[in-house]
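Each of the next two complexes has chain A plus one more chain, namely chain B in the first and chain C in the second.
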Partner chain A sequence: MATEAVIERRSTGHRLAGLLHGRPRLQVGALLAGPVGWLVIGYLGSLALLLVAAFWSVDPLSGATIKKFTLENFESLVNEPVYRTIVWRTIRTALLVTLTDAIIAFPIAFYMAKLASRRGKALLVVGILLPLWSSYLVKVYAWRTLLSTDGAIHWALSPIGLDTPGYGTTAVWLVFSYLWLPYMILPIYAGLERIPNSLISASEDLGASPFTTFRRVILPLSFPAVVAGSIFTFSLTLGDYITPRLVSNDQFIGNVIFNNIANNQPFAAALALVPIVVMIAYLLVARKLGAFEHV
Partner chain B sequence: MRLSKRSRILLRLAVWAGLAFIYIPLIVIVLYAFNSSKILAWPPPGWTTHWFSQAFKNEAAREAFLTSIKAGVAATAIALTLGTLASLAVARHRFFGRETISFLVILPIALPGIITGVAISNTFTQVLNVPLSLFTVIVGHATFCIVVVYNNSVARLRRLSGSLEEASADLGANTWQTFRFVTFPGMKSALIAGGLLAFALSFDEIIVTNFTIGAGEQTLPIWIYSNLFRPHELPIVNAVAVLVILISIIPVYLAHRLTGDEGATPGRGGRGKFEGGGVETEAVAAP
Partner chain C sequence: MRSKGGNPARTAWLIAGGLLAAMLLFAGCGSSSSNSGEELQKVGKGEGSLNLISWAGYVEPAWSKPFEQKTGCKVSDKEAGTSDEMVELMKTGQYDGVSASGNATARLVAANLVDPVNVSLVPNYKTVFSDLKNQPYNTFEGVHYGIPHGRGANLLMWNGNDVKPAPDSWDIMFDPKIAAKYKGKISVYDESSYIADAALYLKVHKPELGIENPYELNEEQFNAAIELLKEQRKNVGEYWSEAAKQISAFAGGDVTVGTTWQYQYFALKEEGVPVKASPASQGFLPKEGATGWSDTWMISSEAKHPNCMYEWMNWIIEPKVNAEVAEFFGEAPAQEKACEHTANPNFCSEYHAEEPAFWKRVYYWETPLADCGNGEEDCKDYNDWVKAWTSIKG
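The block that comes next holds the complex of A and B.
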């Protein structure tokens, strides 16, 4: 009985394998059916439905969704100045955080790629990777305690006459920059690793000063990697609502989406299109700048 | 590179400052977990392990922990299956739209997490009329976890030469046998690494979770989040936070060890080691 079952199973396996043998198209189809089904029908389908839902509305009395086309959500998005302020604040913060991270990350990545020993390199990669993966929420929470009026920053800065910035816009900028820094360091490091040392030596042998070598050789070659890193810093800031909630009273796009999800899902859907559109524009620019070979 | 002594020192200082910036908040939160006082003033007046035993006794936290494990395991299983299949197709076959697959896989993590969250929530509640639950959380997590498995697996497959598989086929093995005895053993450690990363990613995710979880259910990050505003609970939150850090860091460390030379050793596999490592850049977390 048992052997029979084994034989039976093997023979189906064989038959299936025989069917796939020499039929690469069938093989590809079998391999892709699951993942493409999930991502295209499930995920892209959901994104498409989100686009559709953005044109629905909610009955103000019953709270039920009215599945009829209306531009109501977009009208209030454009006409009410508060949303313009929020969208602009979110994009501005995302850009500022991206710039900050690029400035902090570059020297670290440069040291890792071009100056550290093999061992030092390996240690630094792990050293940057581990915090990248450690819990996002815990990191924000850590900053919430650090920034509080009797927290560690106050304790460290008060002897020299300074104080914690407290909760607010500065705190949001600081925490976002902190959170996404490793996402910037690693692509830049990878990009710098790919620059052959011989190019740098050649530049030096031809009489360029370190600064000229940096400006004319290293920076142009690593710039796409910086753009690759910026995709993450920018995108992650654009969609976040936990950090603003924990270290400020500022409203970001994410907060408004979250606040509307329970009672007015169509409006939340319309708002969610804002980061999508901004991200698509950003990705198109990033692709022009050659970032996709570096992601 | 030839640099002046001063520039070298400055760069080294920048690295140390960067590392301090990255690690000090984590160290502070670990220290707070042992804080003997209930108030989060710095520095803590004394030390205790009391909050850890309190945390283990906390019913809601334990339940949330189990929910997180369930979600993580299920999402990882789905991501492993789908990610491996997609990677085999992309690394071993040529077909129309092959370049699009990588883009498709990375999209759920490249778009802000809130988009994935709203989209999935919208589909289930508004269109399919399926109430939110642990199941919808798993769907959401699996969607953005596929990329981690996929990246690790594609990187490994590119490193493993396809000629071994051709040899296996020439010697009479069928498609399944070649996969089972040649391809799979070579991929195994990359798959384990991808699975560990997917689990770590799912375990501490909060944004997609917040949008897809049913009423009355909690994962551990949601439990932490909802207790952050209750000063009375904060000492226990601190202890739980340390456990969460450990649970997310240990799998990542193991994964890094498993695929170490694909990531950390530069310049060997020729083109783009990072595209290789996967663990390193692409496998970014989606908070």
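The block that comes next holds the complex of A and C.
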């Protein structure tokens, strides 16, 4: 009788604690249920919905979805040449921006990791992170002003007989390369930081020239970091639509999705699958190149 | 770890079960929105706030602050650049109302995103110009769906220093020979509705196509308009869909001629940029006429502040307020009595507010439908327009 009364009086919290006691798997399960639930429902769930929606169609007037299986979205995606042009333009720009950022980022990251003083290092890290604190739109509009016919670039270049590239494909490439540069510098910096200086000394002792040391020691060891950085620059370019819209007339995949989303969500969904497929392919290649070994 | 009791497989199943239950709960929460489809019967006390979607320049502190003081409804406004954006924003169900143009209204009604408006609860509606009432873009099957705000034409604007003599026709943007003189300096509105501008040009310059209404195009007429726009593409400097983008392009000298709205025209003049448009005495119209808009305030079917929205719809056509709104934006007011209150006494005659005949040359934006009244359902519908617009820009 007495024990029963004691059990009665125990609060729900206590009972729960009792239930979890000595059951580590249940404990871990309860702890992870929230984040895993978010991943599965909120994240993968919406992707699944996107995949399904791509096979539907719409009522032309109301934009209401007709939930009947059809392949027409994919047919027009494949058959109309304009979409091929746009997909290819997007991928090409993403690759070009990635390459540009890698070439600019590597020396900066190398200086930061191996040459700069403690103070200099801290200053550089702050300097690189600083642009990330201001709004994306402000930065793109600033570039609009810079690139304008009477803008600062025109003013700076006209004395040497050159001119601003104006709004267009070149402008898109410039602005993207500027915007995503920090995302390339930081992983490379982290990768180079991890290479022990003793390896460089050893290479020197064995008679290797600085160029050989770079080619045979530093580059192979930091390459996975470059690939990791390229995932950011590549995927960010692939998904952006505001920069192309503000500094050019070029249409990217994102612009076409944006144009169709108000009235034809299934077609927008079909288009949205294109960058996903491209990204999966890119990640598979990145894994082959060892980008995930140090993550 | 493994020794301490518990069956891993069983635990995993338990977690999966829990997740599934959570997911169902989640899904259940999401699918319970009501669509009343009923008009309000009585305007009650304001709910304290109001969320609007509007065109740039439609909700300005000059008249939204006095509204807040009078009704206690705090106004938050979201500006949209295109009708598509407005429809998209309305789908979120987070707004009480929208200043929709004719190329959005039919879609909003068909998708049940807006409710009918009980015009007897809007006292100022009585004195709205009669040629703005019961129009196909604001009244559907005899049911009123909104309160007219004002109307105007899309403008042809040019930089007076670069373009001489002053153009009086859309030739400057569409005739390949004339437009080529301004290659890379032409500014074009970035939305599929611009196809109608090309169709309007063809209506006058290629009468053999037999275009009547630039929003009702059959295959042949539509293709001719697309061809013209693809030709124009070569000369276009920039497509714009945000007013701010076009303002910066004209101010920076990147473009010198283009299609625009009064809002940008006045903003640029204020900045001292020597822009010009067809004179107001011609109603800003080039000789072919122009596409234009007649905007309607509509109430969301999921409005959380319906009383405030009714207060707003009455406020915006209050004679004094409507005069202020119209003069600020540069459009013809919807309210007859507004003409007595304009700061410029000739405003209404300059903007032809009281001349129904004038507005026959302005083709208000409409949603293109397959069923365009010829009984054959062979017109190009809105999705065709959007896809064609993508292919024009390439």
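Observations, loosely collected:
As a working rule, the second predicted complex is superposed on the first by the 266 of 295 C-alpha atoms of A that agree within 3 Å, B and C clash if a C-alpha of one lies under 4 Å from a C-alpha of the other, contacts with A are read in each partner's own complex, and residues count from 1 in each chain.
Going forward, contacts are C-beta pairs under 8 Å (C-beta built on N, C-alpha and C of every residue); 3 or more make two chains touch, one makes a residue touch a chain.
Not measured: the values here are computed from a predicted model.
Partners chain B and chain C clash in the overlay (superposition on chain A).
Shared-chain residue A:F176: touches no atom of chain B or chain C. Touch criterion met: A:T65 reaches chain B, while chain C stays clear of it. Considering which of chain B and chain C touches more of chain A, the answer is B. In the superposition on chain A, contact of A:I104 is made with chain B only, not with chain C.
In the overlay built on the shared chain, the residue A:V36 is in contact with chain B and with chain C.
In the overlay built on the shared chain, the residue A:I231 is in contact with chain B alone; chain C does not reach it.
When the two structures are aligned on the shared chain, A:S134 is found in touch with chain B, with no touch to chain C.
Contacts of A:R144 after superposition on the shared chain: both chain B and chain C are touched. With the contact threshold set out at the top, residues 24-25, 32, 36, 40, 45, 141, 144-145, 148, 150-151, 246, 261 of chain A are in contact with chain B in one structure and with chain C in the other. Those residues of chain C lying in contact with chain A across their complex are 1, 4-6, 8, 11-12, 14-15, 18-19, 22-23, 26, 84-85, 87-88, 91, 106-107, 110-112, 184, 192, 236-239, 241, 244-245, 248-249, 252-254, 367, 369-370, 381-383, 386-387, 389-391, 393-394. Within the complex, the chain A residues that touch chain B are 13-14, 16-18, 20-21, 24-25, 27-28, 31-32, 34-36, 38-40, 42-47, 49-50, 53, 56, 65, 104-105, 107-108, 110-115, 118, 121-122, 124-139, 141-146, 148, 150-152, 154-155, 178-179, 181-183, 185-187, 190, 193-194, 197, 200, 204, 210, 213, 228, 231-232, 235-236, 238-242, 246, 254, 257-258, 261, 265, 268-269, 272, 275-276, 279, 283, 293-295.
Partner chain A is touched in their complex by these residues of chain B: 1-4, 7-8, 10-12, 14-15, 18-19, 21-23, 25-26, 28-29, 32, 39-43, 78, 81-83, 85-86, 88-89, 93, 95, 101, 104-108, 110-116, 118-123, 125-127, 139, 142-143, 146, 174-177, 197, 200-201, 204-207, 210-211, 221, 224-225, 228, 237, 241, 244-245, 248-249, 252-253, 256, 260, 263-267, 272-274, 279-282, 284-287. Residues 22-26, 29, 32-33, 36-37, 40-41, 45, 58-64, 76, 80, 82-83, 85-86, 141, 144-145, 148-151, 166-167, 245-246, 249, 251, 256, 259-264 of chain A touch chain C in their complex.
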